[in-house]
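Report on one structure; see the data block that follows.
Which chain is which? They are A, B, C, D, E and F, in the order written, and residues in each are numbered from 1.
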Amino acid sequence: MRSFNRGALDLRPVTLTPGITLHAEGSTQVEFGHTRVLVTCSVEDRVPPHLMGKGSGWVTAEYGMLPRSTHTRSPREAAKGKQTGRTLEIQRLIGRALRAAVDLPGLGVRTFTLDCDVLQADGGTRTAAITGAYVALALALRKLHKSGVMKTMPKLLPLAAVSVGVVNGEVRVDLDYEEDSSADVDLNLVATGDGRIVEVQGTAEHKMFDRKTLDVMLDAGLAAIRQLTEAQAKVLGV
Amino acid sequence: MRSFNRGALDLRPVTLTPGITLHAEGSTQVEFGHTRVLVTCSVEDRVPPHLMGKGSGWVTAEYGMLPRSTHTRSPREAAKGKQTGRTLEIQRLIGRALRAAVDLPGLGVRTFTLDCDVLQADGGTRTAAITGAYVALALALRKLHKSGVMKTMPKLLPLAAVSVGVVNGEVRVDLDYEEDSSADVDLNLVATGDGRIVEVQGTAEHKMFDRKTLDVMLDAGLAAIRQLTEAQAKVLGV
Amino acid sequence: MRSFNRGALDLRPVTLTPGITLHAEGSTQVEFGHTRVLVTCSVEDRVPPHLMGKGSGWVTAEYGMLPRSTHTRSPREAAKGKQTGRTLEIQRLIGRALRAAVDLPGLGVRTFTLDCDVLQADGGTRTAAITGAYVALALALRKLHKSGVMKTMPKLLPLAAVSVGVVNGEVRVDLDYEEDSSADVDLNLVATGDGRIVEVQGTAEHKMFDRKTLDVMLDAGLAAIRQLTEAQAKVLGV
Amino acid sequence: MRSFNRGALDLRPVTLTPGITLHAEGSTQVEFGHTRVLVTCSVEDRVPPHLMGKGSGWVTAEYGMLPRSTHTRSPREAAKGKQTGRTLEIQRLIGRALRAAVDLPGLGVRTFTLDCDVLQADGGTRTAAITGAYVALALALRKLHKSGVMKTMPKLLPLAAVSVGVVNGEVRVDLDYEEDSSADVDLNLVATGDGRIVEVQGTAEHKMFDRKTLDVMLDAGLAAIRQLTEAQAKVLGV
Amino acid sequence: MRSFNRGALDLRPVTLTPGITLHAEGSTQVEFGHTRVLVTCSVEDRVPPHLMGKGSGWVTAEYGMLPRSTHTRSPREAAKGKQTGRTLEIQRLIGRALRAAVDLPGLGVRTFTLDCDVLQADGGTRTAAITGAYVALALALRKLHKSGVMKTMPKLLPLAAVSVGVVNGEVRVDLDYEEDSSADVDLNLVATGDGRIVEVQGTAEHKMFDRKTLDVMLDAGLAAIRQLTEAQAKVLGV
Amino acid sequence: MRSFNRGALDLRPVTLTPGITLHAEGSTQVEFGHTRVLVTCSVEDRVPPHLMGKGSGWVTAEYGMLPRSTHTRSPREAAKGKQTGRTLEIQRLIGRALRAAVDLPGLGVRTFTLDCDVLQADGGTRTAAITGAYVALALALRKLHKSGVMKTMPKLLPLAAVSVGVVNGEVRVDLDYEEDSSADVDLNLVATGDGRIVEVQGTAEHKMFDRKTLDVMLDAGLAAIRQLTEAQAKVLGV
């Protein structure tokens, strides 16, 4: 039996709490079951060097896990003085995903930084982070537009992410930590609500996979992403 | 008028939410007005080198602020590869304070690590962290005792912390960010509920202070700490 | 017209030079067109902490680019004191890929480190590195077996990697630097010669992609990988 | 019996040697008994970012201990690539203390850096450093004034620091290393000669303390600071 | 018998392969026996801060060893986050040597960076690097001159380097790794083809040496350097 | 005219103050004119990994400059988190020099660390450091022998170091900072009192040099070193 008493292709209960913090231009707390990520979107009137003088904006992300968000305590990256390869890989993925969804030139000379901090981890922290980051970014854009700072709302495509895996020979979506640890294949999928793929990352953890399995995983993932973008739309009131 | 419509010697609304996370042996979310800190207590069966072979336990703390817990975004310490002097100073203070309150030999060969992560900052993050860390530590000890891992409950003195300042010539307790920025004197006090002092740190920010002002600040601080230890007792059901 | 006068689904000229260095247990220089990577395999009689006492071996990889392997000089990572996120991501990928291909318990208590250093870069350095690393690892295993250090040859599945992209609406394999810079989609595929997938990483660089495009890319990639494993077999004389 | 055959409220022999180095704008060697600190004051025509364009000056401090200034050799911080939390805490304290004593706008667009390097440690290095730093800063200001670089002498309040502790139930000032190691309470006090407090930092090392003990410690500390400012005045010839 | 069947004052076979890489303004692979170093020369239109506004150019060098260029694998400096003292010492030496040979003002506002990466090490990597760096720099200057970027060829003195040692009481030039490990004295000499010395660094590894031995080593070294500059001239066609 | 009114081959006034610190096993302050270096020798009962189980001892050195030991303030290496190449090069030189002078097996399983900290710099800090380190090491050995920790005194050859340069065409010994800055050639020589060379490092700063000039510099250096070893002998009372 899966956690939350769900079927192989069901998501865990998804909760999106918008406006969770006081200071950020946009924020949300996203929960995929017991996985809980706090996402804030901060806006600054500057762009990275490679965009200077081009009039375009930028979206970037940073990711972190609180030391005891996990089953056993992990060392604090700030204390070690070094982010792990896993952290860098995840935050590069989040940034790439959101940049693909937004019209960068429409942002003006601004950088939108999405800080995704995992308060509690139970598998799927990167997909929850992307799903929440979409909401935080949408809220920040809306705020800048409402306050008149941005004249026109830049285009932002509804985007979410989900993990898919093969566990005991069965394709399942939204794995929790226990399932993730024993999965033969682990695939993370980022896509729009209407099925256009932004990122696919599939890894044979214990067992190589064939084209047919990949097809089943992609179908399952895209269906789950459609549900996630519906939850986002509801929270954003669109 | 002060925030939350309160008098000079009043605390902001204090909320302590115990058991806020799934994995930690003890945890609490502590709020002093808009300041919100997530504290977890992790237990490991090892002690630092200087205690090896002595049979005593250890309590230590780490402190961090989420990048957008503040009014404007601060760089992530993990990304900079370095904790600031302020961070190190605060986590040393938290660790010292809790070690003074607990009977270290009674902990056995164990390290209790208090991770204090600021989700939202509005002044007084270090005093909120200490006040919450007491609760998280108490819960962790109780859990180990209940589960039989620890035969006897080690002695733990009720302990809390509060900031006191001189703002516009008036002594005030529990300053928020705006008051803190304009205070002439800033004093952090850690003490037990019955008035024994564990730590006093007073700094002339803009104006030196005399013995008499210090006396008034200490009285105000100790009274506020008494209230905080009552709030802790209520949450812990003791 | 593509470089080396080739069709959309053709590889660049591939050269594998085994035994290129004196000291390493296995080594090869791999060239995909102008991309040139030196791969060495070093064997040490120790395993990382998480494998201690389990009797199994380990395969890991490190990746680096010489500062002037690229069109303009990049800062030396050793001098900056930090590996970039891209470097860490690539070396994690290489290590994962090779671990999937080899029977780890069969390695004994040994770590095989694959150092992949890019001498000249023209796109596809990570796929060239994986393709070359397979050869270097195979040579190292053979050497240990021949010298009697290893009683039985551990199982190693023929494995290679290739990049696939969508350039000007056309699916192409083995992109060079210029094509890579302007591709709408960039996909890296690691698989065995008989079409079992080890890793798939597809990214919408400028344009999201649909399931159908993904299918075409996967077919093209698997076909190219088959050719690469044939080149490897020839060099290894199997 | 205390070291140097002194009473509970007596200082160790204090020696201030002004002008101890050739290059610095101001310098002094300060000795509290066997504790010996070399302090230099360097002046640069720039201010930190937060003061740019405001016309005000800045005072900052750095602190270090020679590896074998202590009983057993400590690792060199430059070799470890990291300053300890203790070092950062002390240099922040020194900087804050001196900034409280000087009229920052009167300094002009200049940064005065006080380098406090401990040549020999026997307790009280931070209080000796502050006491010496006052002299080095006064000498640097005088030099700039004499040479005509500064038209008017900025106001500088006589300032010194001392440690106070409770050892075997007795309040003592200016603890040496041995006393410091066994003290129940450790308090560092920075104040002007006429009793205005700049910083008070009291810590229960082994035993919490009450208001009455704190009062006795503060009285003892302020009296000792008066003597230290007299020694400073003598050396400065004022 | 020495490696390559040579006499005490003979060099190992020397191979200089110019133009070994595609992107660099100048490049060469240099081999002293089994020691193999890849040298590239990169040109950038900027100079270090201390030369700004002076119209002069700069030559600098960086040095690295591939992890498995040595008999046993050494940790990758980029992964450790730190270059060793040996690395820094060698790259400072290479930079100094080349700067002595070239007319810096004649370079214009340009920095020439010589990256010397050891692909395979068997003693004498620093002397091979200097010898190859001369060729790479000469090629880069020639390229800039030919393309019209530089109006006049700056003066560049023919320069090479060699190691000399005392092994078993015998003075030998161009030591390989095995000889180097057992040498009593180790001397590195950088000079022009006509015997003007740029750098001499002699170290008593196991046995101090007298003036007379030093004289013999210098004679032997200068003679070998003459041969090396002839090999350089041949490759450069001058 | 040279500083201290001296001839081309004269040393600056040399002062060696033994026993300058309380805690170290051996210590000295060495002055070459205005250059002032504090050297301590610390003894620990352990050896570096490469000597474990061999019964031999080790001598190593660390070098640092106080930030304002120089004409203008240099950044503190501990604060930058990195030692410069110059620092590493110098401390490697000091360690090598002292190891050449002492009978390492005679030291027992012990490491002698020579901390050389420059309090005031005016040229020749590395040669002063070596000259002082010899005294500090000799004192530490004597102390261990006297106290019975070491049964027999290990052999230690009298050793000193001096700089020699060519300034305005004239060979001079023991250059001060001003001379050093304008020297055409800079040579550092480490040798025993009876003329056996331990280390020679000559660099053409602005002008290459021939064999004849090198000969003159070596003669001058060895004569100066003889004087330095006489000063050492006097201080050590041998």
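Assorted remarks:
By our rule, a residue touches a chain if its C-beta (ideal position, glycine included) is under 8 Å from a C-beta of that chain, and two chains touch if they have at least 3 such contacts.
Note that the structure is a prediction, hence the values are computed from the model and not measured.
Chains that touch both chain A and chain D are the following: B. Residue numbering at the chain D/chain F interface overlaps substantially, since over half of the positions present are found in both copies. Averaged Cα coordinates give chain A a centre that lies 51 Å from the centre of chain E. We define each chain's centre as the mean of its Cα atoms; on that basis chain A and chain B are separated by 33 Å. Our note on geometry: chain A versus chain F, Cα centroid distance of 59 Å, whole angstroms. With centres defined as mean CA coordinates, chain D is found 28 Å away from chain B. For chain F, the set of residues that touch two or more other chains comprises 81-82. Chain contacts in this assembly form a single closed ring in which each chain touches exactly two others.
Moving round the ring of chains, first from chain B across to chain D, one meets them in the order B, D, F, E, C, A. By the touch criterion stated above, chain F contacts chain E in their complex at residues 85-86, 88-89, 91-92, 96, 100, 157, 191-192, 195-204, 208-211, 214, 218, 222. Put simply, chain D touches chain F in their complex at residues 21-24, 27, 34, 38, 40, 42, 44, 62, 64, 66-73, 76-79, 81-83, 87, 113, 115, 117, 119-120, 122.
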